[in-house]
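Several structures are given next for inspection.
Two complexes follow with chain A in common, the first pairing it with chain B and the second with chain C.
And now, the complex of A and B:
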């Protein structure tokens, strides 16, 4: 912009190329995770500066979940979502590919899309001055026959800011704001072995059904993420009454717990499972679903092998770092969008196999609503805990006290031939320690070489997956 | 005077093509259910190209603000404020060539 004596004349024309922020390094924040002593400093849940660093280091670089392919089957179909706190439009292109753009006009910044989702959009028009963008993000035109008469106006180089990379894995679409980020598959590492339990247990693939349910919880985003990454321990106490109501008994991890249950972690992504076949599915309360899950488990042995086939409906949970989580068996998929250090916007969907019978799909949809939605018995149990785990840290003295993450510190399983860091038993803080270790790696490192070769990378011994 | 525009075979069903005419503003030619339609390649609202828009249910859709113009009457639907109706030029397909009456400033419906 002109300053001084140029009397209103700009010296140069505006460069409207997308700006993708560079990462920094926050070693002091990385130290808030004490790996030596299995402790986490509570400032990671409350400190505004830590939160701003998370937006820069984690949410502006990680591959984040955007949508399921089934939500936007046709050109112009779109959903609006968030990447961190950035508002994003995800839209199917005319050539069948998927692009994503910041939902912000490059003129004065107003949003160009106001609805959550839609079909066959012709484009997106800003409400402020009528700037109009195609589903490819390009500026198509403006309003009022003004810019057309300004010969200095360079329409061709103006558009909605594209998400730097978009890719999909077996129906799930992810994006990253970092042009230098490793590929989606490298970001997952061998964790795809575990994702396939839900995404590839049946021919025909998967779909989301029944729309999305949104809610807000006044908690830090990491409490739900770490809960799903490896905390089945809480179910015994937190969910006891809900389990009593639905199952007529407590949470049961299966007779072969000592032999079968484990936690696995790669690059901070984590899954805990008890391999009990149908424990999670049972909590939805429909006997037909349990039969379906049993049959699916038998049938899926060919695709997934014996071990993973036992995991499809088992008591289990999973988080893909940083904030995408799901429950095998209960089939709820969700993103914990950060809204400041003390608040999240939670969006949940139900995933089913496309080839599942209609009445089975319907029971999953209803079952998830009864359990893992804002009015569901289990979601309400969890939400209150996470809110108070966050809120008590308003206390100045309280937040000086370290938190204990030391369950199972000597439980590493060096023998089981599975990808990633394997720990014995699902009742373990192992995955949560590795989740925060990954968090610290993102705080510490400004480059992907270091990010992909730290302590959370899969140990070499499991470079080749079992089966 | 009818002016020669282009071979009519170049206008596929359901498509809009822009044709530059020497000494006159560019025109757009559309084909819908076999019939040809010729109109200014300029939306009446913001001077944008209508050939960069598309046809939908018998209407020309402007790709910029999504105003819709009936192909037979030019009546505008879903207009941005101040967007008038679209005018059409008289046109004919003479032995495989499109001709249109482009005289004067105003289009001839």
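And now, the complex of A and C:
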């Protein structure tokens, strides 16, 4: 009830202002990541209290991927998604901007939107009591105008809870529940240098094609996130069968691996790449796509410089902290939504350049389906690994045992003129160590000043693109 | 092209039932096919049951309002399968590798089919076949996935037998409640 801090409200009228939770500090959980010994305590994958702390510290504060601009081109177009476990509606406004709201009626909490997506909606109506909201989230009316006849009712101050900040970067829309969070660009840091490999390699921008494929995997969300942040190592063993089926041979990191391959990390976001031009694109199985990737690589030198032009179709993978990942060259973009410590909902999309020819877009759609969808010859073999990496820790003794994240502990590359923490070779645990270091920073710190100035921040060097 | 071969078009009313002999022959074909799939005899399935001109499609189901003209699925949107013969062959090649870990140890399969209706079409060599299925996969000690759905098949009469020319697979799930699809339907 309103007890004085809500000016002008009638006595007893409830204060319906949005509540954005404050972060805390969990130094004991932060210690579960042992940077000295390159070890991660298995409790981070199974402990319910750790998981609840993740929802508070990480998912209620980080900028999280919401949608691609191309999914909601017109006012009233919307998609439903999640931020952590929170159900969210992302909707294009009449002025062209994008807002996002909790999908929960402020009356009894029911969802006001039951569908995956829609076009040109005028608003959202709760099925329970008919409370109706505009695409701006404001309460417009109620069924039978019962409330309107109650003179103490003031609908102007009631609405869907807005996501505190929404912003976009080159077509990708992100949101955060933290009004005090740094800007999206500051959250990325110089990692945009690497995001541009996929988001800005051609004029005209990008789009998502087809819809989303959603599936459930009984694993902790961090296993797939760390896999994409810097684990090309698994491809040789896990995906031997898929590579054999499509390529007739094993995964190939290119002839110039020792010279070119590296990992880069800033604020826990990470990319590993072999700069072999087309290794990822080749696995989609269509020769036309390989030709397209080669041509694009040549053309993109002007926009991105030689090094990043080589990365567009290369054997590579990327995670934007905490749970948004993609594969350059294979063009699959995905979010690993947490659903408890031992479960995720995986949502995958296909990204293409808007001005790519139609038959190229179609081959990307089909190629992603053949490789990185639930029936795909690569993704097929990932899930069980992540499930058992998670599930075995139900064993009390098992979960006391250390895990080894020490590949490449002496591989830091201090010379290469690239943004972020650079390590030599893509076969490396470096990005995964920095991903968990970032995780620990979020557990430890209750403020953005500390969050943005810790060990995961880009080391000080004059390292904008040499090109 | 006959409507029945247009992958984006659902079967019309199933009001042209075939004669009893044809029905028996196609029922035998359907039951043999799922027995091959249960036994993971994928290469033989591809060679003996699938027409070289196969179009094998399984769209992803979306949840949409009834008044949304896009409906629950559409051809050209996201799908689990949208395959030609050579694309099915890539999937089969993976199964044939000893390092296909999601199938090693072996998965225990059951494909159960029912609700079978077999209709004649405007082309005397083509048959429209509707069926419902329950697909059970169980592996390791207690990992179990169950998928229910319907199939709309077009079979072609070839050399005294039949080949699958077109298949549309509609499952009832939106979020796939499984980590993968290491089977065919």
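Assume the second predicted complex is superposed on the first by the 452 of 467 C-alpha atoms of A that agree within 3 Å, B and C clash if a C-alpha of one lies under 4 Å from a C-alpha of the other, contacts with A are read in each partner's own complex, and residues count from 1 in each chain.
Heads up, the rule we're going with is that a residue touches a chain if its C-beta (ideal position, glycine included) is under 8 Å from a C-beta of that chain, and two chains touch if they have at least 3 such contacts.
Just so you know, these numbers come straight off a predicted model, no measurement behind them.
A.B. asks: Clash or fit: chain B and chain C on chain A?
C.D. replies: When both complexes are placed onto chain A, chain B and chain C end up side by side without any clash.
A.B. asks: With both complexes superposed on chain A, which partner does A:122 reach: first (chain B), second (chain C), both or neither?
C.D. replies: A:122 sits against chain B, while chain C stays out of touch.
A.B. asks: Between chain B and chain C, whom does A:229 touch in the aligned arrangement: first, second, both, or neither?
C.D. replies: Touch status of A:229: no partner.
A.B. asks: Quick check on the superposed pair: does A:134 touch chain B, chain C, both, or neither? Answer first, second, both or neither.
C.D. replies: first
A.B. asks: In the overlay, answer first, second, both or neither for which of chain B and chain C A:143 touches.
C.D. replies: First partner only, chain B.
A.B. asks: Should A:216 be classified as contacting the first partner (chain B), the second (chain C), both, or neither?
C.D. replies: Touch status of A:216: second partner only.
A.B. asks: So, does A:375 touch the first partner chain B, the second partner chain C, both, or neither?
C.D. replies: In the superposition, A:375 touches chain C alone.
A.B. asks: State whether chain B or chain C is in contact with more residues of chain A in the superposed arrangement.
C.D. replies: C
A.B. asks: Rounded to a multiple of 10, tell me what angle the C-alpha centres of chain B and chain C make at the one for chain A, in degrees.
C.D. replies: Seen from the centre of chain A, the opening angle is 80 degrees.
A.B. asks: Once both structures are overlaid on their shared chain, how near does any Cα of chain B get to a Cα of chain C? Whole angstrom is fine.
C.D. replies: Between chain B and chain C, the minimum C-alpha distance equals 11 Å.
A.B. asks: Which residues form the common part of the chain A surface touched by chain B and by chain C?
C.D. replies: none
A.B. asks: Residue numbers of chain B touching chain A in their complex, please.
C.D. replies: Interface residues on chain B, with respect to chain A: 45-48, 52, 61, 63-66, 80.
A.B. asks: Flag every residue of chain C that touches chain A in the complex, lowest number first.
C.D. replies: The touching residues are 58, 60, 62-65, 68, 70, 76-83, 87, 90-91, 93-94, 97-102, 174-182.
A.B. asks: Can you list the residues on chain A that touch chain C in the complex?
C.D. replies: Listed in rising order, the residues of chain A that touch chain C are 114-119, 210-218, 237-238, 240-242, 244-246, 285, 345, 350, 365-366, 369-370, 373-375, 377, 379-381, 383-385, 387.
A.B. asks: Under the definition above, what is the set of chain A residues touching chain B in their complex?
C.D. replies: Checking each residue of chain A against chain B gives 122-123, 125, 130, 132, 134, 140-145, 148.
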